[in-house]
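A, B, C, D and E are the chain letters, set down in written order, and residue numbers restart from 1 in every chain.
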Amino acid sequence: NKTTVSETENNYVQGITATEIKVGNCAATSGAGATIGIPFNAGIQAYFDMVNDAGGVNGRTINFVHEDDEFDPAKGKQCVEDMMNDEKIFALVGHFGTPTIAATLDDVKEKGIPVVYFASGLASLYNENATGEDRGIYPVQPIYVMEGRLIVARAVAEYDSKKIGAIYTSDDAGTDMITGIRNQVNKLGDEYTLVEQQVTPGASDYSAAVAKMKQEGVDVVIVATIQASFTPIVKELAKQNVNKPAFTSYINADGTLIGLVKDDVGTKFPIYANAWVDVSDTNAVTLFATEIVESSGVPLYAANAFSMAGWIAGHYFIEGLKNVDGDLTWTSYMDGIESEPIKNPFGGQIDYSNGKRLGTQEMSLLKMDVTTSTWAAHKPIANLESILGDTDLGLDEDKSSLGLYYVIGGVVLVVVVAGIVYFVVKSKRRDEE
Amino acid sequence: MSNVILSVKDLRVNYGSIQALKGVNLEIKEGQVVALLGANGAGKTTTLRTLSGLIEATSGEIEFDGQIISRLPAEKITKLGISQSPEGRAIFRDLTVEENLKVGAFTVKNYIQYNNFERVYKYFPILYERKKQVASTLSGGEQQMLAIGRSLMASPRLLLLDEPSLGLAPIIVKNIFEIINEIKKEGTTVLIVEQNALQTLKIADYAYVLEIGEIKTEGKAKDLINDPNLIEAYLGGRK
Amino acid sequence: MAIISKKIIKDIFFKTSNILPKPYVNYLLFGIILVILPYIVNGSTLLTIGSVIVYAIAALGLNLLLGYSGLISLGTAGFMGLSSYFASYLTKDLNFPFFASLLISVFIPVILGLLVGLVSLRIEGYYLAIATLAVAEILRRIFEKFIAFTGGYVGKTADYPNILNVFMLDREGTYIILVIFLIVIMILTHNLIQSPTGRALLTMRGSDAAAQAMGIDILKYRLIAFALATLYASIAGVLYVHFNELTYPTIWNLGLSLNILAIIIIGGIRSISGTVLGAFVVYSFSDLILKEIPFIGEIPGLSNIIFGVLIIVIILFYPQGLIQIFKNILKSIFIRKDVKASE
Amino acid sequence: MIFSGIETGSFYALAALGIIIIFRTSITTNFAQGVIGMFNAFMATEFYYRFGYSTVESIILAIVTSIIMGILIDILIIRHARKVNPVSKQIITLGLIMIIMGITPMIFGTTNRDLKRIIPSGQIDFGSLHISYNSILNIILVFIIMFVLFIVLQYTKWGLAVRVTASNEYTARLMGVPTKMVTMIIWALAASLSTLASIMLAPSNSVEVNMMGGVQVNALIACVLGGFQTFYGPVIAAYIIGISSNLIVFYISDTWGEPILYIFILIFILIKPNGLIGKKLVKKV
Amino acid sequence: MSKKAIVVNKELSNDIVLQVDNLSIAFGGLKAVDNLSFNIKKNEIFGLIGPNGAGKTTVFNCITQFYRPNNGEVYFRTKRDKVVNLVGRPVYRIIRLGLVRTFQNVELIRELSVLDNLLVGAHIKYKTGFISHMLKTKKARKEELDNRKKAIEVLKYLGIDHLKDFLAAGLSYGILKRVELGRALMSDPNLLILDEPAAGLNETETEQLAETIRKIRDDFNSSILLVEHDMRLVMNICDRICAISFGKLLAIGTPKEIQSNKNVQEAYLGKDD
């Protein structure tokens, strides 16, 4: 099971030399996205540092390069091309940001470069049977639509809730999750109802959405949002005394968030979060904590969900590498990573065999513990099937075909309004003159 | 003989590469009315603006009442008692007449301000009638009166008037010259720039004639008025 | 030899700085330089320069609007975004050919622009600026939420244009289309601002009263100004989506509108070459130069800070824009010598 | 919900007031208003967590730093921008945004932070309506600040000084108005107003780089809705936006609430082009 | 105003160019112009005088439709010898009829050269639209060339052709006044309205101006209506003068008659020393 090093350098695939494997990514390390990008990359770097300190993989150390794309998909696209064509990296590790991923998915597939770990739960990454150029895509994080379904399952299983409230952001995470939530609620049958409210990420007032939850008297509230909106929504729930159990996405299963909300929430209501990582395995967590602090020098990153995600990204890439048989090429790497299920350092595993590209499908449930400021393990890792006995794991997205009619209607409306305003202005002017 | 209140030594001012004043010397005695005459573009306005501190001189010295003011900012100079009715009126267009006058009295105490209001309204009754009107809608002449009135609001010790008669009806122009006489009696020193040279010389004590940035002639107004050559040459007037 | 080269340089620079007539030659020359670029620079630099061209086109429109008619709009990004979504929707979802899609994609924003132009008769100055900002915000919300049409936060993709089924363009080909659009627009704009229309716009900006007294119909010229500004912006939007192969709601935010405003302020208002120069400074300085400097490039955010400082410094010292530096330098080099020589 | 609209409206109002007073002295719309507040909210957390001051002390210290920041911005930049036209000044504030956005993560790191309430807990109940003491404090505080500012600006010599500085700075100096001082005070004041807004907003949100984005846009729109000519117009408009956006979201549409509100506002300013309070100035030729 | 008011065809005796009938306008409570009537004959130089704030500029604004009078009509004989009522017409249409004005505070475009400022005055002469301008069609080029020639002629006429390429921003007030006059002349008006053309000019310049105004009347075959406070100029060149005060008519007559009118002396001229 050893990779043999070719004699002549010419035979190496891009990014590979006798002693080094160059991988990279493009993430926002400045501006608004820096909150995520910097710790994420620190996590990847920490894992590679650890591997390199131990002598690398088969005599090759990992050289991780990254560039700032400022969360601008156009820049991200440029950057990814840079990485693939100029930096000549072997693989993209930790492909970052939904818009950039959506914009570059075709490019990376065309190039055929392996991409391990997407920092996104974009639905189009989901593929039950990848062949050909789709093969190089290796999602690790759960797909948001799937997560939406899982959250509903958990809410129902925990509280037998019939009336489910959901507040979701209008971004990709929120809208994909609400798709899964709707989907699952529908599947559950008529006795289950959904009250949904959309909010704008980064808004300064969420009281209307929360008031709706209160008015409708929901049994549980699902907070299907990214971190920036999670805090204010939970605070608003507490403020308005909605006091119903809250369920949220793994995105928010982040220790730093507890500090932000615990004073407000106190013991008013429990908050649950999905988790695809199991932090109860103290060995794994300690290893991660020591390595990340040593590598980045930032103690806070030891409890940061994004640096942990980066760590996992590094882990999956390396595990795939270890399984490679023969010369290291893109194909052999793909064969390697598919050859056996890869364990997540923090519980669970992903099987890429037979073209399965499903991301993490099983998650545990955490409960916020305000006294210790931690997310305590509440239910072990499980998939939809084992929670509700639901066997259909697909993601049937509901795509409405009304788009075209709306577009035409909108266009007509604009033209008509323009015409009316023109005549009004004209006649007004005639009056005035 | 009264003492010198303002003396200007070798004042030079540039606009970019254009030299507008090329070494101007002036001396103004307290309580006098002094005229500064000269053709278009001679640098009269530039002189006044420099005195008020709106333009910085490249070199030279301005001394007001024993204090060097050439490097002081405009607002400090105004506080010392120099007030100007600028060329082009420069009223605050979006403020009312009353507010404009109030700003004119920014540097003086409230009780003085009330007296000054009375005085300005006495000089220009039309301003009293228009006191709540937004200044930009005043007629041209009314705006001019407002600018002059505003400069009086500060109870200045030295009043600088830049073409005060511009756009005013003949009857008001006569008034203006009477007003100048009146405030002179109260002890205010006046430096006046006018196109209307003859009429100005009639009320002035002393006059300077500027030509392209330099003082060409100076003398008692009485003497200059009788010097037809001078009037012909520099002021472009006959009669 | 040296003399000849100096003369050539002089000719070129003077013409580009609009001192001599017939700047067509210079625009074309500039275009040729741009076209040669792909053979010199690497792929990502090409992408950067492509974006510069796109934003330069939008900025030329805003320059007409702000510099000539004196109306300020903060809605540029909204209009660009709208046309980009139309272009993507029409070519990708409905399989329209490139030119048909271009026409339709540009039509809608222009109608909206005309609407704003109508409104500008009643709302002026900062009210108009913020009102256009509100329009752009509404459009951006539509981009975010009207998922069936826009793809929401995932964004929407497009392909390199396919012209008449004959030219299936690749990136370099699309880039050349960009350059052609830019040069043609520069020339047309140049013609326009030197014409009675340009004068009428300037008059309107300087004095409403004088304009009307001289027979200039304010409504008509405001509509023209807005129509052209949105036309340019939406052409830029269409080119953006085809060149970058994607469009995404958060690109089209207030920041972009402000950046396009920054282009004309930094480059030089009422100057075509200034606008293009400004676009290069705003959209490539940071990527192509600042980030390449070792220390600055390594610390995230530092290049932004330096660029922010740079913008402020430029405005404080060159309120007329960077193009002024060029003109000054050229004047000091050539004119003085010429005067001496002719004496 | 209406009440929370009033509270949010107060934040908008503070920010709008900051924008409007800068507009009235420097004749430019300050796009950096929000990020200045954001930066100083970080300062407050820094005082609280790193230096161990109490919440109130931290807030006061943050206000002090914001005043210093406002003064610095004026001395270093705005003062030298007299000859710069208003539109270019807007771009200067854009440059400020870039600088502050770049510096913030360098100084304070990239994690979101928490800022405590002044009154940590307790609420008044009216039936199903619960209003926290802190909200009441916020609202009262904002009302007092507005009232004092309004009196000062409308009825004192300094208020007049502010208005003439905007109208014509050169002539204002000629009248003895220390315009440099006026702009400096105004920038300091604007910075502290926006800081106050961000500090009041922070406890129900969290302190992060984008926290003031929505406030900034809504404050700008409030200025237009209220009219640039008075100080109280934008304040009233800010409350209208704060309250009605909640009502529209609640009763009409959660997804399209904000666009609908903006469309209403657009239609309104079409009908009343100078805003709620503004009066039309006749241009005389 | 309904359209009817615009198309009224009024009989004007042949030698009258402008007839102002019962013109009134008020701002709030202030009656700026109060029931004023006068007329201007062909090739006449007509002066309008009155104290500050009497309403002279307002009369001009009412004639050129910058203000809409509350009451009264303004009849005008156009270039094509048709009589129209100006009241109710869009401001920008007035110049096409042959009536053009200058402003009390010079309204020139600072960014444009002197020549270009004059070309703005020829705006109504252009027949091509903005698309031809963008494409620089042959017709557009020819038009531009023709107007340019004409502008240079006018500049020569006013004696400022050496300044044609200077930007308006840097020129002195006296010159600017002349440029504004030139701009007005570009449209070949048959009535020229001048608001305080001599303000800020010194005595020599004022005399030159008087000459120029007379010449314009003769060479351009047009009538001239002017407001001015410089009595020497007014008395020197005007054929007839109308004096108003508080918006009301005081007197109409020859300069001599006006000068000796008691009311005018009291309200406007002041007693002679």
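Going forward, a contact is a pair of C-beta atoms (placed from the backbone, for glycine too) under 8 Å apart; a residue touches a chain by one contact, two chains touch by 3 or more.
Everything quoted here is computed from the prediction, not taken from an experiment.
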item	value
Pair sharing more residue contacts (C-beta pairs) when C-D is set against B-E	C-D
Greatest separation from chain C - chain, by CA centre	B
Chain of greatest Cα-centre distance to chain D	E
Chain centre separation (chain A, chain D; CA means) in Å	35
Between chain D and chain E, centroid-to-centroid distance (C-alpha), Å	49
Rounded Å distance between chain A and chain B, as computed from the means of their C-alpha atoms	73
Where chain B touches two or more other chains at once, by residue number	137-138
Residue list for chain C, restricted to those that touch at least two other chains	119, 122, 141, 145, 209, 300-301, 304
Chain D residues counted as touching two or more neighbouring chains	101-102, 105, 255, 258, 283-285
In the complex, chain E residues that touch chain B	27, 50-58, 104-105, 172-174, 196, 199-205, 229, 231, 267-270
Footprint of chain E on chain C - complex, ascending	188-189, 191-192, 195-200, 202-203, 205-207, 209-218, 224, 270
Touching residues (chain side chain C, partner chain D) in the complex	66, 72, 119, 122-124, 126-127, 129-131, 133-135, 137-138, 141-142, 145, 208-209, 254, 258-259, 261-262, 265-266, 299-302, 304-305, 307-312, 315-316, 319
Footprint of chain A on chain C - complex, ascending	42-44, 47-48, 51, 89, 93-94, 108, 111-112, 114-115, 118-119, 121-122, 141, 144-149, 151-155, 157, 219, 240, 244-246, 248, 250-251, 287, 291, 300-301, 303-304
Interfacial residue positions of chain A with respect to chain C in the complex	29-31, 34, 38, 68, 71-75, 77-79, 81-82, 85-86, 98-99, 102-103, 106, 122, 124, 170-173, 175, 198, 200, 399-404, 406-407, 411, 414-415, 417-418, 421-422, 425, 429
